[in-house]
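Which chain is which? They are A, B, C and D, in the order written, and residues in each are numbered from 1.
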């Protein structure tokens, strides 16, 4: 039996009150909002669209993965980088401010059974959707190895939180962690050990492409969380597509994704 | 000798830190910012352009009259109504936020000599530029009667502050002050007493037009502060014009105004 | 409750608030958010004769107070539309208007024929999509060519024909006049403005298709102008669209001369935009004691 | 210091950042804010043969990420310009380009003649102002008419002639081609988009002139598209403008094919916009180790 999407988890609008905005290193923020209905409805790998700005610029909502959920306290957290105008606006929200949040959206990570062996691969901000997944899989007695990579040590996000759910291994490009190299180096090393049931990955396209290749060659099923520019987030505008590997057409990242089986999509446009 | 504009008071940009934002009744706010250079440079009747919003919507800066100045503390206050998107954004600024303020701009109120008798007429938000003027004239030993009108008592703005500089008389359309009627009723009554040297007025166009008529008929000089939609605020774009009474052309409200002699402009467009 | 009904091209609507083609999917996507059946009418994504893949991504690029899109008519083709999509859309109980796009006159006619008798309430001819290179644009910019297409479609179907015009022309009034004379029963104004954006990092166009269509509040003044100009010239109703986000915006279009409005990009900013606009119009009429809201249509040029 | 010099229509500029006609007064208005002499070039408000009052107010209306203006060529006429305004403008030591607007071909020629030999560095022919009803628009929308005017002006003056085009046309490339063939030395793209707004309180148009020109960031995608299309077609330089507010925007236009840029409405949002853009371009070249910034011109279509 495959799980991962709660039945009847229809998207809706949440006037989410900001509870906490923590500045992590390298322009990254951990934003926690009160959104009890969203907390209850959402599954790992799904995302939400956050309304940013006061009038019509920025105009589009920003898609952010659900990073962490506390159903009992009714809290949802996002882990994000303040990059452009929308996320910068977001990073300036303070306790008490209200953010319009549309969610849950999209198809999250799939997993079945319990007690399996999972490899979670997060490159940079790719860590964002993996914590919620780690929590859920750990709850189902999966044994997890979590690989996080960044350019610098500050780019390894939320290591303490991840360590609660599995074995954390990190690598940095500048060698500010014991291991120096790319996340792919770390992944190759780990794969050699064998015995993996599924790889779950999120990060830049280049990383996801390598993982597609690895999954294909090794036969280890992989799921990847893909990003594309979005307008509606609901599957209505056909704006966020990604080429399908099985047909000549396109798949909607906001509806058929953002989490795809590695073999489902072509990432070259 | 005519005074009223400090020499060399060139406009410049002030990154003005919000000190206080007080909500008065009926959507009106009293905003005080730290802007020592502006405080030093500005004269009554001049205005500033306040940048509102985070990105490009709202796009234009909002013109607001200088309401009050404390040169020693380096503080400037604005009295304004939160109406549309720009002023609403403004009303949400809190202590510590920074607002870009361009000023001083325009030609303020003119006055000469001392110990004269002045009649200040403020309809609604028209009170905004008059407090700074009252302070200055009172400092020159003018004896002032200040007329403030509003729809309701809550619309009579800052009565206590005005009372420090002259005799305050108020009127409301709904009779929530002892006197019921329009500011024009009050003005007519006061004019009967005679002996006025100058009328200074600010308020809706309809009120200013009546005052133009009164000034013309009675021969009492009047100065009116005029509003028009602005873009540059510097006299460069020719966007904010008002028909000249003396030529067939137009005058710029931001440069030749906003304070005009009552006979200088035609207010019918 | 205030009466907001209206008839456009013979299509009766419970209120004048429609959705704009291509922004509302099949309705289903929004049906978990609100009652899609409370809209004035649904308008489909552009339908072509054959299935069409659309353009390569990225297809979306945010711009100041708007967005560029280069979706490019991705759709399953008219037959799949009729069998797989239309039944669901009709289920909401409000008129479904089919937005159709042919690459030639003959294709327009063929699509129109296949939609006749299927239960769609009307056709909206998209002779103006900036994201299709194969002639779509030229068709919509030359009055004579546009009129030819409209005439051919009108002759081939019993359905009312609405024509959607592009603003990317020197003289939209001439175009409007030509297609009206050719038998259009209503006009939709406006489609997107042709635009593009370049990514300064990659130093290449952002959109996979290079150019795209600009929509959203940014273009509202251009759309209001088009509605104002055209509604004073033709005597068929105009459906106004282009950047309508709030009730006030919808009213602006109505005052400019629109008999109905369509909400497009606003859905991306606030998925409830159309619902809020419907409430606004009702409330506005009540508060201003307007008995027949249709008095407001074109009031800005009728009452001087 | 990075070398940002450039030559447009034979006019040497210390950097490619000009101001857009009508938004910068005589320069004097901004001279207390910053050193106007550090701009690439000054461009005047539109100059007519006779003094011109302009349109009745309101002349300005804010729109999402932009504004409508209907100033309508208020200016003291060419003779007063030459005697009263030009001397001050020349004082900043940077080229002064005169934006000129005739209501007929003959007027354009006459204005050009009166400006020849006065020290202006070039003429920018505004054949595209949407706020003038007396023919200005038609001139700028028909390639043959536009070419005729340009040819006549080119013959009557030794000054380099820059032609400013309107985006309110079906085919801006055809227009660009026609005026280039007629002798234009550079093109300015784009003038404002024709738009309007209605005040829902008064139920009347906001602008005294009813319609106006839309400018600001809202129109940037349309302007980038025009520069991209035209710069690939003609072999004279293009001056890009339309919503440029930040260094990144200026760079986007340069990558699209602009040899210089003009800053207009941005001044209303941030009076220091042009200064910040000049610094940005210098810094960008340094950081990216670009020796000759002109390599960036059209890079988005040159390097694929």
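Rule of thumb we're sticking to: contacts are C-beta pairs under 8 Å (C-beta built on N, C-alpha and C of every residue); 3 or more make two chains touch, one makes a residue touch a chain.
Computed from a prediction, not measured in an experiment: that's the story for all the values here.
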- Between A-C and A-D, more C-beta pairs in contact link A-C
- Compute the distance, rounded to whole Å, between the mean C-alpha positions of chain B and chain D. 36
- Please work out the Cα centroid separation of chain B and chain C, and write it as a whole number of Å. 46
- Task: Pull out every residue in chain D that's touching 2 or more other chains.
- Result: 63-66, 216-218
- Touching two or more other chains, which residues of chain A qualify? 55-58
- Message: Which category does the touching pattern between chains fall into here: line, ring, star, complete, or other?
- Response: complete
- Once bound in the complex, which stretches of chain C touch chain D? 63-66, 68, 141, 168-170, 193-198, 200, 203-205, 211, 214, 216-222, 224-225, 228, 243, 248, 251-252, 255-256, 296, 299-300, 303-304
- Note on the structure: chain D contacts chain A in the complex at 64-65, 217
- Query: Can you list the residues on chain D that touch chain B in the complex?
  - Reply: 22-26, 29-30, 32-33, 45, 53-54, 56-67, 69, 71, 74, 208, 216-218, 245, 265, 267-272
- Residue positions on chain B within touch of chain C in the complex are 55-57
- Query: chain A touches which residues of chain B in the complex?
  - Reply: 53-58, 85, 89
